[in-house]
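The structure appears right after this line, and notes come after that.
For clarity, chains are labelled A, B, C, D and E in written order, and residue numbers in each chain start from 1.
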Amino acid sequence: MTDLQSLDIPPGSSHKRPLVVMRNVSKSFSSGTLALSDMSLTVEGGEFVSLLGPSGCGKSTALRIIAGLGDTTTGTIDWPASRINVRGLPEGDISFVFQEPTLMPWQTVFGNVYLPLRLRGVSRAHAADAIMTALDTVGLKDFAKAYPRELSGGMKMRVSIARALVTKPKLLLMDEPFAALDEITRQKLNDDVLKLWRDTGITVIFVTHSVFESAYLANRIVVMKARPGRVHADFPLQTSLERGPLYRASEDYRAACEKVSAALLDAMGGEAMEMH
Amino acid sequence: MSTASPVPTAASAAKNRETLLRILIPILVVVALVVLWQVLVTATGVPQYILPGPGAVAQSLVKDWGTLAPALWVTTQITMAALGLALIGGVGIAIFLIQSKWIETAFYPIAVILQVTPIVAIAPLILIYAPTTQVALLICAFLVAFFPILSNMVQGLKSVDHNLLNLFDLYGASRWQTLIYLKLPASLPYFMTGLRIGGGLSLIAAVVAEFAAGSAGAGSGLAFRLLEAQYRLNIPRLFAALVLLSALGVVIFGITSFIAWLGLHRWHESSVRREN
Amino acid sequence: DEVSYGTNWLAQAEHGGFYQAVADGTYEKYGLKVKIVQGGPNAANRALLIAGKVDFYMGGPLGDMDAVKEGIPMVSVASIFQKDPQVLLAHPGVGVDKFEDLAKLDTIFMGKDGYVTYFEWMKKNFKGFRENQYKPYTFNPAPFIADKKSAQQGYLTSEPYEIEKQAGWAPKVFLLADAGYSPYSTMITTTQGMIDKKPDVVQRFVDASIEGWYNYIYGDNKKANDLIKKDNPEMTDGQIAYSIAKMKEYGILESGDALTKGIGCMTDARYKQFFDEMVSIGVEPKDLDYKKAYTTKFVCKGVGMALKK
Amino acid sequence: MSTASPVPTAASAAKNRETLLRILIPILVVVALVVLWQVLVTATGVPQYILPGPGAVAQSLVKDWGTLAPALWVTTQITMAALGLALIGGVGIAIFLIQSKWIETAFYPIAVILQVTPIVAIAPLILIYAPTTQVALLICAFLVAFFPILSNMVQGLKSVDHNLLNLFDLYGASRWQTLIYLKLPASLPYFMTGLRIGGGLSLIAAVVAEFAAGSAGAGSGLAFRLLEAQYRLNIPRLFAALVLLSALGVVIFGITSFIAWLGLHRWHESSVRREN
Amino acid sequence: MTDLQSLDIPPGSSHKRPLVVMRNVSKSFSSGTLALSDMSLTVEGGEFVSLLGPSGCGKSTALRIIAGLGDTTTGTIDWPASRINVRGLPEGDISFVFQEPTLMPWQTVFGNVYLPLRLRGVSRAHAADAIMTALDTVGLKDFAKAYPRELSGGMKMRVSIARALVTKPKLLLMDEPFAALDEITRQKLNDDVLKLWRDTGITVIFVTHSVFESAYLANRIVVMKARPGRVHADFPLQTSLERGPLYRASEDYRAACEKVSAALLDAMGGEAMEMH
């Protein structure tokens, strides 16, 4: 249906080659703010990385830099296992759910979700099935013909999520995608993303403010410290349980939550934070 | 999405009334103006050869319809051709200018020079080198009308939301795709303003071009009739020609406004009703 | 030979002879196929002559001298009018009886060309004309009609007629030529190249045009008038008749040299006199080789005088 | 907010280079144009009285500076006055028009009529009723220049974000406060476009007004000098006047662009550098 | 410092008079969406109401209608205990934190927070203290001079919160104010709002998607059902504990969470939702 290009791994390459390597990246804006300072991060193919940190610490900036949006001030981004196109990005599909919905106001919901496919030359008729499936996933099938201004905040965000999922990406960058959603929709989408990750071997970098969410989803946690932004803690979350209702009730999950929480608290300089 | 049945009926009635008023009000205003004009003429006793009353003008309009109608038609044609050229030229040059900051710096001033050069001064040159008077006329008209469209388009094309630009970059959109799917639709509100100005200016351009490039006799437009009436001191006819010009201008304005409404009413603040 | 002639205004009786020659086949008789390109407000026929897009143009001596000054090879070969029909108009009954009295008025509406030529001449030769009398004339006489203390420029055969028709009173008319400002007018102007390469075409065009003029004034001019009205549908029979009458009355075509040597005649003496006037008011430089602006070799041969009845 | 020290230095060096280029490039383009012009004139052997070469024009510029300079000054003054009037009038009428949909429907067409009425046709009327020629001139110039500013302002004032309008309503802002603190700043990008068009158009207006309403002798501007040169067949001087007009146009454009930059560079997409 | 008008209760009125009464309110948009249907809600002065419900159920719409932004299609809003101004709103201070930051891009952070005071005519110098205090509360003291585009998503939202707090409002409407914030900042702000509520007797209506947050903050929970939006459950949350660290660790809190969760689940039609 969509002519997805595969994120080829060159023949003979070791399986262990990382997907993306961020090496000593600094980013300062012309306003003088140093958003990232000497940040290094290596993400392996197939990981589910959750990025946490205080508001304004540089999570979104880091994600954008990985996606090739905006130059680094110093430092480099490498894609050791991928063919690189002219823009320095791997050939293949990166999808990005921005922190803000970023919808085209002159397009309907359908048109907005169609965008990534349209840019690849997929015809509207061919794309329709995939689009409606993606809209169904986020519960907006009935709103395909609506314009963004006719949607609530959470609905806009869901359109943005549908747009990211419609291409069946190989690397999924999500910047607080579910923050504007109610808990139930949120959990459903959490499970949808997990399923996608498990089924397709996709790599996910997921920014969230929710300790619970990160503990539920990620198999690796990266906690950032603010001003300037840099990696403060970086640890795996292992569990023998499949992530799902069972895991949510488990001691593993509770331990993970506490661990993430502690790391975050530490990153914020030990301000008072009580977990319930 | 359920619909309460009594609501649309009330809404559609309100809509009908609104449409009616939208047509009625301008007519009322025009009638009021005409009455004011008549009163003024009567009260001050200004002679007809300085300012004829609406009656004399209407009479002349009827009597001279035989000469005025073909002239109106010629002017309409030139105006449309000028507007078409100005749209193509203005939008085309605007797209060229925004390709890079350097192109803009280098070539925008040339567009300014073209704009500020008085047509009367270069009309002879154009007449000499243009293959036919018709072409000369169109060149003159284009020179008068293109700049507002160009300026508005440049501003519009540059005012695209940076987040959406990021989105397009991310999906590897080509320059062309970014232009078609993002920059052009996003600049629609500016384009529509340009169109609205350009519509009126094209009419002026048609008149000025006819003055400058001079067509005479059978194939001449309202400009010529106007000058001639002036020369002949046939002031009622002069005003009849003015009335026709004004009417043509208002019709063009109405059409361009309608086009603007069509393009924007679904999504843009300027045309969308504010609903909370 | 196909030639084109650019006039200086919309078709009118002042161009009658040329239309006559087209209408009654005089040009054809001389082996010419003539296309008349009518002028109009802002029409650029002079520029077209310079660029070679028309072969002949209805020029005037000032334009020719300017051309010489700028090194443009433009030459006048005949002057159909002996007197320039340029007039100044004033309101009746405001004490303006002589040309000099115009100096008493507050305002004179003039075109730019008039302002840089005969107004200079007026300021030089009469007392009381002032810079601040000038206001631009946009070919609409309304401002003049509205202001009793004003005068305006005009064309002997046009504005007085229109003003009388519209305002109901006849303005006072002062012919500049009668006041002493006497350029040739309604000339046949061409390029030096044309004279060098096709002198016979020039001669034939001049001769045929002069014949056309005699026929227009003295013969049956109906067909010419129909052509005029076709080119300029606004032209009325009344206007044409008025124009012809005025041209005759004031001797526009036939006065001075033309009485003896035929319409179109130009003489060195008369040209020099006008040139000296222009030098004296500083419009043209003293050392201008004004003789390059015209040639008398095509006229004053009495062509067509036989047609005069 | 910390600042990495090497970055600003590099940035400021880049900025200096940029400023230099911004000035250099237009100059280079103009030089290129002049060369092209010379080559064209030489190659085609077109006589000076049709299209003079740059040398002749430069000569005339120097020689006739005595007459051209005061004319340039007069034209500059009229242009500035026309622009000032057009700004006040355009913005003022725009504010009036957006007060209600009905006012807009009723009175916008009148503005259109004012715009499309050819100046030459009504100049006599204006001349009759204006107390002085100067006033007549300004009325003519205003009529030519006000509409683009008006149109852009109307569109700008109507394009205000509805959410911000809600905010102002919530805080009980008066009409006046909403105008001053919200609508006017929000419409700045449109205003700036209108200003840019209006700047050039004011110059045209000054020329047209001088043609139509006239001033002569000592107080005459470039338009008069231009027509005079044309009448006198002094084509190099005609072009010298054109060059001056163009230069004035470009200078005005430069100033309006700078004002636009001042007003927008801190916040609006069109002038802000895209940084991620 | 700020000339706060008090939300006067007319003398002799019973203490029990509700603050605002929403009576059978329906709201349908011109797109045909029926956002609210026959919704009634009575809020007493001094309550802390938390509004929950699935994404798109009409929470934001209800809040806007209470604030007087946008008409109801049917039904009424009453303020029995307040003096009403011309806009049908109580004289006194309503503050609103919109779901989107709704900042003026042309104003600095300081200028944005200054807005409500500026609209009341408080001078910049007089307002400065209050503004800096509010910015300090949300941790943005260092960014007073920054422009909104230079802020991260969470920082923008915090500016919006500071703006709502700067006027010391009597009724505070908050639409998912903390969704974009990290848990630690969120908890701090939760406590700040609680303190404000306790100290000043303010009334708060607080939309949130977080069950925990609502259970922690509110003394009354309103759960809405979607399509069309209406009240599904409405119950008080009583506790003898002061809300704070102690409460968070208590059985009361855990019970409240479960109750809210169950109500929400019920409102969503019993889709699977597991609380941990």
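Criterion: a residue touches a chain if its C-beta (ideal position, glycine included) is under 8 Å from a C-beta of that chain, and two chains touch if they have at least 3 such contacts.
The UniProt protein names, listed by chain, are A, E = ABC transporter ATP-binding protein; B, D = ABC transporter permease.
Keep in mind that this is a model prediction, so the values were computed, not measured.
Peer 1: Listed by label, which chains are in contact with chain A and with chain D (ABC transporter permease)?
Peer 2: B, E
Peer 1: Shortest hop count from chain C to chain E along touching chains?
Peer 2: Minimum number of steps from chain C to chain E: 2.
Peer 1: Which two chains have the greatest number of C-beta pairs in contact?
Peer 2: Chains B-D share more contact pairs than any other pair.
Peer 1: List the centre-to-centre spacing of chain D (ABC transporter permease) and chain E in whole Å, with centres computed as mean CA coordinates.
Peer 2: 48
Peer 1: Measuring centre to centre with CA averages, how many angstrom lie between chain B (ABC transporter permease) and chain C?
Peer 2: Roughly 40 Å separates the two chain centres.
Peer 1: I'd like to verify one number: the distance from the centre of chain A to the centre of chain C, where each centre is the average of its C-alpha atoms, in whole angstrom.
Peer 2: Here the centre of chain C sits 85 Å away from the centre of chain A.
Peer 1: Please output the residue numbers of chain E that touch at least 2 other chains, ranges allowed.
Peer 2: In chain E, the residues touching two or more other chains are 29, 33, 61, 64, 69, 100, 147.
Peer 1: Of all residues in chain C, which are in touch with two or more distinct other chains?
Peer 2: In chain C, 51, 138, 140, 142, 146 touch at least two other chains.
Peer 1: On chain D (ABC transporter permease), where are the residues touching two or more other chains?
Peer 2: Counting only residues that touch two or more other chains, chain D (ABC transporter permease) contributes 1, 50, 120, 124-125, 128, 161, 166, 227, 268, 272, 276.
Peer 1: Sort out which chains touch which and give me every pair.
Peer 2: The complete list of chain pairs in contact reads A-B, A-D, A-E, B-C, B-D, B-E, C-D, D-E.
Peer 1: Where on chain D (ABC transporter permease) is chain E touching in the complex?
Peer 2: Residues 1, 161, 163-164, 166-173, 177, 181-182, 185-186, 188, 266-268, 272 of chain D (ABC transporter permease) touch chain E in their complex.
Peer 1: Report the residues of chain A in contact with chain D (ABC transporter permease) in the complex, numbered from low to high.
Peer 2: Interface residues on the chain A side: 26, 28-30, 32-34, 37, 61, 64-65, 69-70, 73, 227-228.
Peer 1: Which residues of chain B (ABC transporter permease) touch chain E in their complex?
Peer 2: For this pair, the touching residues of chain B (ABC transporter permease) are 1-4, 7-8, 11, 273, 275-276.
Peer 1: Can you list the chain B (ABC transporter permease) residues touching chain C in their complex?
Peer 2: 47-50, 67, 120, 123-125, 127-128, 211-214, 216-218, 224, 227-228, 230-235
Peer 1: Can you tell me which positions in chain D (ABC transporter permease) touch chain B (ABC transporter permease) when the two form their complex?
Peer 2: 21-22, 25-26, 28-30, 33, 50-51, 102, 105-110, 112-113, 115-118, 120-122, 124-125, 128, 147-148, 151-152, 155, 158-162, 165-166, 189-190, 192-193, 196-197, 200-201, 203-204, 207-208, 211, 223, 226-227, 230, 238, 241-242, 245-246, 248-250, 253-254, 268-272, 274, 276
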